[in-house]
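Structures incoming, each one as structure tokens.
Both complexes shown next keep chain A, but they swap its partner, so chain B is in the first and chain C is in the second.
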Partner chain A sequence: MGATEKLRALAEEESFRKKLAGCYQCGMCTGGCPVAHVKPDYNPRRMLEAIILGQYDEILSSDLVWLCTSCHSCLERCPQRIEVSGLLVELRNLAAESGNVPKLLLERAKRIAETGQSTPISKASLVWREKLNLAPVSPVNVEELQAILQATKFPGWPERTRSHANGTTS
Partner chain B sequence: MDQDSGPGRIGVYVCHCGLNIAGTLDCESLAKYASTLPNVHVARDNRYMCADPGQALIKKDIKELGLNRVVVAACSPRMHEPTFRKCVSEAGLNPYLFEMANIREHCSWCHPHAGDLANEKARDLVASAVAKARHLTPLEEIEVGVEQRALVIGGGVSGIQAVLDLSDIGFEVYLVEREPSIGGRMAQLDKTFPTLDCSICILGPLMVDVSRRSNVKLLAYSEVERVDGYVGNFRVTVTRRPHYVDPSKCNACGECAKVCPVEVPNDFEVGLGWRKAIYTPFPQAVPSTYVLDDKSCLGLVPLACSKCREACDKSGAQAINYDARPDIVEFKVGTIIVATGYDLLDASAIREYGYGVYPNVMTCLELERMINAAGPTGGKIIRPSDGKTPKRVAFIQCVGSRDERWRGYCSGFCCMYTIKNAVLLKDHYPDLEIHIFYVDMRTTFKGYEEFYRRAREMGIKFIRGKPAEVSEDPTTSNLVVFSENQLTGKAMSLEAEIVVLSQSAVPRVGTDKLTRTLNIMTDGSGFLLEAHPKLKPIDTSTSGIFICGCAQGPKDIPFSVAQGSAAAARAARILSRDKWLIEPIVASVSRDLCIRGRDPKAGCQICITRCAFKAIGAEKEQPAMVNPAKCQGCGTCVAECPHNAITQMHFTDEQILSQIRELLRNEPEKKILAFLCNWCSYAGADLAGTSRFEYPPNVRTVRVMCSGRVDRDFLMAAFMMGAGMVLVSGCRLTELGNDCHYISGNVWAKKRVESLRRVLEGMGISGERLRLEWISAAEGQKFAELIRNMDDKLKTFGPSKIREENDRAKANLERMLRHTTPSPQVVSART
Partner chain C sequence: MEQQARYAWFPGCWVSNRMPYIEAADRRVLDAFGIELVEMKGTSCCPEPYAVLGLGRDAWLGLAARNLSIAEEMKYHILTPCPGCYNTLKTANASLRTNPSQRQQGNDLLSKVGREFKGEIDVEHTISVLHNKIGLEKIASTVKHPLSGLRAATHYGCHLLKPSRVTGMGDPERPKFLDQLVEVTGAESVPYMRKTLCCGGPISSVDENVSYAIAREKLLKVKQAGGDCLVVACPACMIQYDTNQHSIEKTFSETYEIPVLYHTELLCLAMGMTFDEIGFHHQVKVDKVLEKIKISHA
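Moving on to the complex of A and B:
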């Protein structure tokens, strides 16, 4: 099943559909969204509306889904108790599956999968640490981490990363 | 002719209904078959039984042949039972000695292609009706006297309207109001939409009118404590809080309040102003007598102040008496109207809008009092933080309404009153900038949309979006509203000097307690529940008690007034008679069989707890008693009594068991026996026929008033007699609500069927053979589908498996029925 079909299946699933049917487009999610107030194109209410209207490709191909900061204000405020931010996480997962994922983000994900760290530790930083009498950086157990990543289907996991690159999904 | 002398002489009349019945069924043979049934003296068929010649035929036979039971095989009893009851009683027969076989909706219309199987079904339905007729007994309608007085609880505009209408018709009315003055919410409003009439100017005269009527007894500052009795005969106990001021002496001069040293927030001004401990709530209050609030007075106990009494005595009125005590008033009324109104949701609970934290966030009612010229600011709009006149005001709609975190429903009137308040503000302060944040504008009804347009013409801005947050700039005390403007699709923020919240309307505090006092129901939101949402919007499930105004749900003034008049008319319908008749299909307890009478220590409470109408009671160590005037005739207690001590008139165990026996006489293992409640499922099956939905003809229906009446014994007897499948169907019971016409009969049916199913499984009867379904009167299609589905299931089992299961369980069933049924021969007669 491709990402679009997965989103369709999610949107048409009975309990989810009923939950989403509660949305009467009041805009409380957008009104309280810190991103929407600085990036006017970003609008969680319209994403919900797009799902209700079945515009799945449109959402999954948009790079706006990557702007959510996961502050969960929308989830807290929604008068219909729709877990808006949780849904946005799902949209990002599906967007990634369909190959729509910012390159840099994917690089980071890959690095986490391989080294357990999102940012490389430079020699200079090690020197500073020593000067500041900070404890040495403890090594990451990459094997354990990979087991977790595999189990949680982390998008940066090498197999999935490959499939994202050629646009096929598992 | 002696109607009581046993099964006697039965006349059976088979109706052709033109070709509606005769087009499918062989009516002549059916009549011939009927004539072979025991006790049938005459059986005839006729083109239209309900037409005058058909009725004349019945009357003639009753008189000439001495018939003492009549069965008509025709349409649904829901259609013509009243017609034929009247017909037989005109010929001198008791109307309850009549029975109907539904061979149209339940047979000819739904089995047009079933051939002889349809005829077979019709024969069974006729035999079943004849069997029931054999056991019918004459019943008299229960006559209760009517106290030709009414009680109205709540003196808001809706209650006032009810009082005035009833008083005009000529009835005595008691009006009980909890507050010191009548007037309710409407008295607090400045103007009313969409005409901008001054609220108190149009309400005031009605309030005064109430106080002047010689046939209206106004009990203000009082609460209904206790209500006993039933339609026509309610005994009411009211507690009157002491005013400490004698109304016959008080001339409302106000000298007492002038000297009172105590100041407390004024409820009428929603806490924006102050009042003294001795006060009158507002200038137009009715009664106008001053009242001493004993919670804030310094001087009551011990006498420490007494300034007010000194002033009063000095003025010569001598009206104040500190020794006054609560007064208990008791009276009898025939009907009760509940008009207890609404409250507004506590806005401070909704934390994102900062009410109670930021001084310049206020509620709609606070603004309402501020706009009012007689209000705490003399009609000036000022910021609570600094007393300045604002330049920009924002309104937020749906505060708590349409919000699953608070109140899921729409409060209905807030769109209009916010427009009204905005228009008034704009009128008083033309330079004021007004923004209304809304989700949907709901301006239905006459003149409302035009008013909305007028607001836009005045320059009031409407922003579609539910604000997510209000924050305050601490340096200016200005407020920032964060929202989306959906029509631009952009997030936005707006700085305003005052923010007004339109909170949702909620049931008036104390509604819950009152429903227990009156034994009436509330809906999921806590508002009072009507007996039927469409056809009985003013009635409650308790006969003689009516509801009107916002107590039933949020509504505006014209609608509340209309309901007040409607409630008066519904009440007058009863009050205008000396006697009120109650259908005699009620329950009655046998003193000999009730365990409470036989064993003083038993303390059995089953029937008492099952009755949703509190119609059953019992003295200590005495048998239970049904109050027939309160009994609504569902039969739930009858089915629930473990000692078979209760009987429902016209739906006795004997009558229903005799029907079951006839319906299962031939090839029972191929039959589906269906118990259908009168109001929903039987009507649903009628609709299947009316809609010509075809379904297998092997279903046999038994009508009961409520699924709660379906006794375990009936179900066990059905399987003992060899039934293939058994269905119990009642009004819809889902997570969305319960449609039971007797409040909770179907809940007990569900418990009973589910527990019996486990017992039957233990005896070897497959659980799927006992079905419990909810079918509404609109679900003809669902009924047809259900029977098809059950028939498929029956075929999967096959007759031999059914017989095998029934045979295995038979001994156990017989034993259980012998134990529980008072007349086991009724059941064993079959074997």
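Moving on to the complex of A and C:
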């Protein structure tokens, strides 16, 4: 099943429909959104509406889906207790599955898949840690990390890393 | 007050690899209160509650479950200085504990590496330990150099507070704990608008202009309120307001010149540690703050 069909299936699930049916488009999510405040094109209320209206392709192909900072203000403030930011995570997961991932995020994902860290240690930081009397950082068990990632849909899984892991973990 | 004196220490990649001065400040403060930090071996990125969770929830759950299982083997609760790690590990821990299908999914992934999630430990942040376990009274008793005259603007950030049903840090709209931790040093917590605004940092690699525009809002409001500095409790907020402040100034052709302090750095100063001991490897100079609280440095 493609990402669009998955979103359609999700939107048609009874529990999901019931949850979303509570949305009366009051805009509390958008009023408290730090992104919408500086970039009015980004509009969580409108995203909920688009799901209700079945505009799945439009949502999943949009760059805007990646602008949520995950601050969770919308989740806290929704008077109908819709977990808006949680729903936005599902949209980003499906957008990623359909190949819509910002370039720098994909690079970060690959870095995590290769090193196990979102920001690997530099030589300067090693010296700096020593100056601060901090012990060296315990190395990541990258083999275990890759064995887990391989069993998921994580988009940061480059073929190069995949074949390497196949050789070492299976 | 009963308090566990030993924790599995999870500094997270940003703190240990990019901002070790935060780890140093946290360790100094926690050590002063008799908290022992035990190293976790082989852990990975928490993983990030923005990038990894957004890219694939299954990968996020599996890697978080693995990190949690390492602390379970050690039989210690996790203590982290990073709200991002706190958010991921706390949320994943709750999901894996209470949702049978999530637990099944997490344990299926862990079975690939011969591990299992058992749900035996909890996750704490340096602030939850300082504020809720050690307590303001005990902290106040260690203040040797009151930071009187300093007007500090506190910034809570998002991931320590929200979703509030998971983080357990109280009211996310009117939080008080960081103000209390700042005021216990003798500094004044200056009121300003948009106090609970997000720093915008998570999306800096997606749209830098939008990310900076969000941070600008906060820097302007702190300046308007006459704050001497911003006090943060998150490495990502620190990078956004401190490391990126000059770039934000350039982008909007404005000057803010707002020093940014990590909450435990402020506490270190109040506890009588010297400038050199703490290090202050910041981008925005902290001289104005030191002058105000009458601390000299070389």
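One rule holds in what follows: the second predicted complex is superposed on the first by the 146 of 170 C-alpha atoms of A that agree within 3 Å, B and C clash if a C-alpha of one lies under 4 Å from a C-alpha of the other, contacts with A are read in each partner's own complex, and residues count from 1 in each chain.
Methods note: contacts are C-beta pairs under 8 Å (C-beta built on N, C-alpha and C of every residue); 3 or more make two chains touch, one makes a residue touch a chain.
Quantities reported herein were computed from a predicted structural model and do not represent experimental measurements.
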For this session: Once the two structures are overlaid on chain A, check if chain B and chain C clash or fit side by side.
Result: fit
Problem set entry | Which superposed partner A:Ser73 touches (first chain B, second chain C, both, neither) | both
For this session: Kindly classify A:Leu105 by the partners it touches after superposition: chain B alone (first), chain C alone (second), both, or neither?
Result: second
Exercise. Now for A:Asn43: first (chain B), second (chain C), both, or neither, which partner does it touch?
Worked result: first
Exercise. Is A:Arg81 touching the first partner chain B, the second partner chain C, both, or neither of them?
Worked result: first
Exercise. Regarding the shared-chain residue A:Ser138, is it in contact with chain B (first), chain C (second), both, or neither?
Worked result: second
Exercise. Looking at the overlay, does A:Lys19 come into contact with chain B only (first), chain C only (second), both, or neither?
Worked result: neither
Exercise. Looking at the overlay, does A:Arg129 come into contact with chain B only (first), chain C only (second), both, or neither?
Worked result: second
Exercise. Counting only touches as set out at the top, which of chain B and chain C does A:Thr30 meet: first, second, both, neither?
Worked result: first
For this session: Spot which of chain B and chain C makes contact with more residues of chain A, would you?
Result: C
Problem set entry | Lowest inter-chain C-alpha distance for chain C and chain B in the superposed arrangement, angstrom | 6
Exercise. Can you list the residues of chain A that meet both chain B and chain C?
Worked result: 37, 73
For this session: Could you pull out which chain C residues touch chain A in their complex?
Result: 11, 13-14, 16-18, 20-21, 23-24, 27, 39-45, 47-59, 62-63, 66, 108-110, 112-113, 115, 158-159, 162-164, 172-173, 196-198, 200-203, 205-207, 210-211, 213-214, 217, 279, 281
For this session: Enumerate the contact residues on chain B facing chain A in the complex.
Result: 352, 398, 402-405, 439-440, 464-469, 482-484, 486, 489-493
Exercise. Which chain A residues qualify as touching chain B in the complex?
Worked result: 22, 24-33, 36-37, 40, 43, 45-46, 73, 77, 79-81
For this session: Using the touch rule from the top, collect the residues of chain A that touch chain C in their complex.
Result: 34-35, 37-39, 42, 66-73, 75-76, 83, 85, 89-90, 92-93, 96, 101-102, 104-105, 108-109, 112, 116-122, 125, 128-129, 131-135, 137-142, 144-145, 147-156
